[in-house]
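Look at the two complexes coming up: chain A is in both, with chain B in one and chain C in the other.
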Partner chain A sequence: MRAGSKGPDPRRRRRGDAVTPLAVAVAVLYAFPILYLAWRTLTLGGDVLAILSSPRTLVPLANSLRVAAATAVACAVVGTGLAWLVVRTDLPGRRWWRILLPLPLVVPSFVGATALLAAFGRGGLLPFVPRIEGFWGAFGVLTALSYPYVYVPVAARLSSTAPSLEEAARLLGRRPTGVVLRVVLPQVRGAIAAGTMLVFLYGLSDFGAVSLMRYDTITRAIFSARLFDPATSLTLGLLLALLALIVAGAERLVSPRRRPPARVGTGQVRYRLGRLAVPATGAVVGVVAVALAAPIAVFVAWVLRGSATVGAGFGGLGDGLGFLLRPTANSAIAAVVAGATATLVTLPVAYAAARGGGWAANAAAALVTHVFALPGLVVALAVVFWAIRAPGPLGYLYQTFPLLVLGYVLHFGAQAMRTTQAALAEVSRRYDEAGRTLGAGARRRFVAIELPLVVPGLLAGGGLVLLSTLKELPATLLLAPTGFETLATRIWGAAEDGFYAEVGITSLVLVGLSALLTWFLVLRHELRR
Partner chain B sequence: MTKRFGDVPAVADVSFSMDRGEVLALLGPSGCGKTTLLRVVAGLEAPEDGRLVVDGELLVGPGTFVPPERRRIGMVFQDWALFPHLTVAKNVAFGLERGESERVAAALEMVGLAGLADRYPDELSGGQRQRVALARALAPRPRVVLFDEPFSNLDAALRARVRAEVVALVREVGTTAIFVTHDQEEAFALGDRVAVMREGRILQVGTPTELYRRPVSPWVATFVGEANLLPGAARGEVVETLVGPLPLADPLEGSCRVVVRPEHLEIGNGYLGLVTGVEFYGHDTSYRVAVGDATVSVRSIAAPRFGIGDRVALTYVGPPVVAYPAPAEVAA
Partner chain C sequence: MKRLVALLAASVLAAACSGGADTITVYSGRTENLVGPLLERFTAETGIDVEVRYGQSADLALLIDQEGDRSPADVFISQSPGATGFLAERGRLRPLGAEVLDLVPAPYRSRGGLWVGLSGRIRTLVYNTERVDPADLPASVFDLVDERYRGRLAVAPANGSFQDFVTVLRERYGDDVALEWLRGIAANDPQRYPKNTAIVQAVGRGDVDLGLVNHYYALRAKAEDPDLPVENYFFPDGDLGSLLIVTAAGVVSTTEEPDLAERLVRFLLDEEAQTFFAEQTFEYPLAAGVEPPAVLPPLASIEVATYDLDRLGGGLERTKELIDASGLEGP
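== the complex of A and B ==
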């Protein structure tokens, strides 16, 4: 309902307004972490102002913003560049790159950082290369592993823009570079912005890479102050949550409101690289080598080294790989359930935001989005906090599988919601109108027209949640039922104990499982088109 | 009825009625509000005020707004809006109840696509998609079918043929239909009656012949076909013009502007004017003739007999002419 209209006028309602109440109800769920932080901060009675003005807060805060912003910019450039090379040029081997380039997303940041640290420096696999730590280390790992957040949506958008626009620009006398800058980039701006935003929020939330790289960010401060100085830890968490909420709310102001023109013509304009083919291929090979091949090589090296000296690097590999069956199954089940649940739960919010767009719907979307920027630990603590205070039988949920899934759904719901929202925006309203003139009511139009048309988007969104869930560590450690091991917790445990061969083999299984599930759920459909 | 977007009325005080089974063409330049009017009839836009009655049922009125899905008004969209994820048969079946599959077959049979039931829209040619859209709109037997520039996505060669097929089908089914178009030829070919719209208003409704012979304003006269607007001096039933005295359709006095269709002028040897342009179209020839300080268009079905610079005479051979009092609007 737009502001200023008097009373319920059924004529002026937009399609998404009917589900806005449901969207708001879902958003309340996503407010639990920030409510927990606010409640605890206030009741603990710490000196909030003193905490906020202390250098122990300001320095990590500045570091967090620095690494998140730098990573976001780097990923925007790398992700967009790769997408353009693969989709719109005659890059050699682009079919293969198209399959390989999204995969670094499946490497957990703590695993990537461990591999990078192990590879270089004294005692490493490549001892002559100096070890990178601190800001550059965290920045490098985060960029290498999260550029697919930009690459995937931009590649999808680049393959669906209208070729006629670029052809027209060429005929109007623009050189190819000018066409790319003035015609192509503006059309994919929305996809770049959406992906960059996810990278930024992810950069804020990351704990694995920054802690291993010993870079002092706010997530590290939250973690290290958690036990001896809970007031500081909670205040910092609240600060981070508010920051994320502002960023998520402000994003609407920069995202393009204009709808892309209807597509005319088929196929895509492909640009010839000419002499640039060699450096371009080199760049793509470089990215894949650093982000994908290097971690895998490190894992393989650990496994080989471990199996050469039996018992030296192994917790239980001597009995074969059977010990990994349980964690693999647990990871797969948790990830699939979380992916499906997150997609379903956030669907009303995505729908209300895409088809209605009132302030309530937008606020709901911002609430869902901001949780993604919180460290998994904070989300998990909030879930535990509310679960043990929940009335009646809900209190028994503590340390059960449903509560674990709830943690994942809260933490990663933004990925599903945003993907669904983008997919809904792509569906022409003409189909809805055609359905109406054919006598179909609102429910039938949703089920028979809109839903089938956004299925690829739903799968992609669920797929992202699934990948994030597979990698997730802190929330899993805190929320999982006793004895419920996942691949991620197993890697963590083995790394703590120094069983690197086991870290290697388990990481390989994790990457393989992620790749397999991604292929099965998402890529299979995308590449068929 | 009236429909505004912001403060600008897209459709202003429009009123018209149709008989059952009639075909109306809504003709106007782009941006004149004809598509908005069509969408208001379909229920996809809500008018600020006004009434819409179909078959005696009030669909729009004070306190009443029947949503499009309950109006039984079909629509063929400009881009056809075929559901890309459904087969041809399922697209056509979309507006039907369960268990009416024989009507799907009948509708596809009707548009000559019986063999393509299991194809998807992206596997069809433009003409085939057009026919699927038509079959889908007609299958639920709507009371009125609306066509929003349905032929503009087809190339010229295909357009005339598909248009003839569509209009034949619409008449065969006997449904009431409204076509929106900016093409005068198309409007005349399709409509039992044609409504000419400009800036949100309907200027004139009538049969193609009425519109062509008795346009209500100089603008309508030039929009529905090529026309010379010659200055004239009317004296009752006769008007004096550059090409001589002409019979008036309606008596008028004083100075006026006279509509003279190019094909109603015959070109011959004489000294009235000077030929300044000749265009040969194959089936006819168009001349531009300077008479005094006016330029007159003439169409002749013969091949060019005169060239630029020739002196010629013009003779009026048409029916009584329409004239408008002089200080009317200034037409190009």
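== the complex of A and C ==
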């Protein structure tokens, strides 16, 4: 470690510092939801202290924290394990697993929970497997649907680490487990931390899965009070936002500043599983069976049942799938644009936080991160609140496509930012120093050296935003141009009134579209190398 | 990819061009399956384009409230009177003309003339036919606090229709009786669910024996799965448990097209639309003399949930307070 990285070097500013003003400017955008919550809470004049100290707040809040923390830990283990197995071992069929494993993320949580409830237990597809509700049910569904938040960035990171250290360790006689623990894990721990934080925040924000699993959380209180007790609803929203801000800020303080001497390269070491191939395959199959195959089986069962029933009132299927063309196109475009925009917009924040690390950069990163803990409806209403008050021509953006994208970028920016930041943090500065020695300017060094090295991280972050956008509901319903339907809004509409065959067919199209998009836009580049 | 971009450009353009003459915007808490075909018929018959934003009734009511003067919405269609009542209370609905109001019998519209009922659903007790002997079903919704139903009843305290029921309970019997009933249910180990569809699925699987829901959901579930062992039970003799909850429509106060907006509301009360509700969505038609589906009890035997917000102390906020105080929802 160079002495210079311990404190500010008087002769040379850290590279990220130049970007910090831009990062702060971006972060200001991410302050709008919490400003909305604070403004509305104060002007409504509710008894904030009474609301905050009530057991009606504290009990669900404790439940939220409990299920979010447990899910985050489980996803860290499952996501990291899966990533290592498919990227760094000779696991049979690993190419296929790499396409399938990110997909549970695209299943809207209320559909995933409904499908898993219909899959297992008495009256389900598999009656002999017990149905679980309450804490463990919520924990199970959230883990099944959100482990990709860890898996995707860790897999991207693992596929871009240089083999040299691992080879050296093996030559020095380290056993494979030792190499993984001492050499591989330290290189990906930034990606694991980023993903785990995302799962935790997502667990706080979720309403669909926890409510269907009948586990009482703070989001239930926020939703149920939104119309007739707005003071409570907004105060609790503000509480959630502040908590998330503290957690996101604190993570920076406690995470180790010393970075591993990571290298980036291609041609990884691939471990032979040998006798472990069977249990390892079993573990991967198990995860995919619960998180993907079970919901898909239920979707298929719904479609078959509905189309076999005369007079089921299921308009769409009789006329073919044409009615889903437009929503499919809308979903694809919104998701691709949101993924790309979120990655670009949050890049300066990620860069400033990874390369500079001053308090302003860290605060900017925390602001971007915390929005992800808010329920989608709160973010959407915040955007409405400000957009409708926007002066002049900005006001015309209301309920247009750009505003919808802004809603997505605000809500999901954390996914791109944290993934990019983790990727950047693990690119050794020596490459940059080498470039400087050779006389390259700052911009050239970034474009020619650092950017190519973090492309897997950027793609992973953009891919997460893409998948999240595909399933997004509240912002789409409230902010999209009137009449702009996506697959997710179609699924919601059908589920709301019990048109399960339509839920099934639309969900199958959604999963198929996600597989295509992640393959073309994210995985193809990695797998080719 | 180019075609996708073209599609997108077309939809963005279409949105930008809306708001011109002969286009109205509807915020609909009824989903597309339950109202979309009618809106298409309206356009076909009148040449008036309809832009629809679907969403949950409560969320769309919040949206209109937040949009204030700049709301693009001309018509609000709600799945329950609660969300309409919220907008009426906040002065966001415009009084309808007499020629619209007169199409609907007085019990099914707002006393202030701010909204009309389009169709009706009744509250019912859905039960699992394999686990419950019909002879054991309660004669009144008040009997559900009995020991013999301990742990067997599913409720959705956050659901709009459940809250509408509580509001009418308050209006008919006073806040004390309403709170006592809520406390009785809360003390009887009820199974809490987030929504009606979840209750009917759970009753169908046998997770729980009985559930307080709207009649629509069991009929809908059986349309796709005739073997599902669920049945609606209608509380007899005009019991409040079989309350009729109307789905409603009103014209938003800031509309620039009040005539077109009223024309749409009138269309939804025509025989064609009312027949659609009776035949396609298993609901009670409320106008044009259309007969309800045969599976439902006659409308004359049923209590109706139109409450007078002016007379109802504390409004709908008070209903929420009582549910909170009873411990039926949350800790």
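Rule of thumb we're sticking to: the second predicted complex is superposed on the first by the 420 of 529 C-alpha atoms of A that agree within 3 Å, B and C clash if a C-alpha of one lies under 4 Å from a C-alpha of the other, contacts with A are read in each partner's own complex, and residues count from 1 in each chain.
Following the convention adopted for this analysis, contacts are C-beta pairs under 8 Å (C-beta built on N, C-alpha and C of every residue); 3 or more make two chains touch, one makes a residue touch a chain.
A quick note: this is a predicted structure, and the numbers were derived from the prediction, not measured.
Trainee: Based on the superposition on chain A, does the combination of chain B and chain C result in a clash or a fit?
Mentor: Chain B/chain C on chain A - fit side by side.
Trainee: Looking at the overlay, does A:V129 come into contact with chain B only (first), chain C only (second), both, or neither?
Mentor: Neither chain B nor chain C is touched by A:V129.
Trainee: Who does A:V447 touch here: chain B (first), chain C (second), both, or neither?
Mentor: Neither partner.
Trainee: Would you check which partner chain A:E433 touches, where first means chain B only, second means chain C only, and both and neither mean what they say?
Mentor: first
Trainee: Now for A:V285: first (chain B), second (chain C), both, or neither, which partner does it touch?
Mentor: Touch partners of A:V285: none, neither chain B nor chain C.
Trainee: Which partner does A:I99 contact after superposing on A: first (chain B), second (chain C), both, neither?
Mentor: The answer is neither, since A:I99 touches no partner chain.
Trainee: Going by the contact rule set out at the top, does A:G395 touch chain B (first), chain C (second), both, or neither?
Mentor: A:G395 sits against chain C, while chain B stays out of touch.
Trainee: Pick one for A:L344: touches chain B only (first), chain C only (second), both, or neither.
Mentor: After superposition on chain A, A:L344 lies in contact with neither partner.
Trainee: Which angle, to the nearest 10 degrees, do you get at the Cα centre of chain A between the Cα centres of chain B and chain C?
Mentor: Result: 170 degrees at the vertex chain A.
Trainee: In the superposed arrangement, which partner chain does A:T114 touch: chain B (first), chain C (second), both, or neither?
Mentor: So A:T114 only meets chain C here.
Trainee: Kindly classify A:T482 by the partners it touches after superposition: chain B alone (first), chain C alone (second), both, or neither?
Mentor: The answer is second: A:T482 touches chain C but not chain B.
Trainee: Which chain, chain B or chain C, is in touch with more residues of chain A?
Mentor: Of chain B and chain C, the partner in contact with more residues of chain A is C.
Trainee: Rounded to the nearest Å, state the minimum C-alpha distance from chain B to chain C in the superposed three-chain model.
Mentor: Chain B and chain C, overlaid via chain A, are at closest 28 Å apart by C-alpha.
Trainee: What does chain A use to touch chain C in their complex?
Mentor: Residue list for chain A touching chain C: 55-56, 59-60, 114, 117-118, 121-124, 131, 211-212, 214, 216, 220-221, 223-229, 302, 305-306, 309, 311-315, 326, 329-330, 332-333, 377, 381, 384-385, 388, 395, 398-401, 474, 477-478, 481-484, 489, 493-502.
Trainee: For the complex, which residues does chain A have touching chain B?
Mentor: Where chain A meets chain B, its residues are 10-12, 262, 428, 430-431, 433-441, 448-449, 452-453.
Trainee: Which residues of chain C touch chain A in the complex?
Mentor: 3-5, 7-8, 11-12, 14-16, 18, 25, 31-34, 37, 51-56, 58-59, 61-63, 66-68, 70, 72, 82-83, 86, 157-158, 163, 191-194, 197-198, 200-202, 204-207, 216-217, 220-221, 223-226, 280, 316-317, 319-321, 324, 329-331
Trainee: What part of chain B is in contact with chain A in the complex they form?
Mentor: 42-44, 46, 65, 67-75, 77, 79, 81-85, 94-95, 136-137, 140, 146
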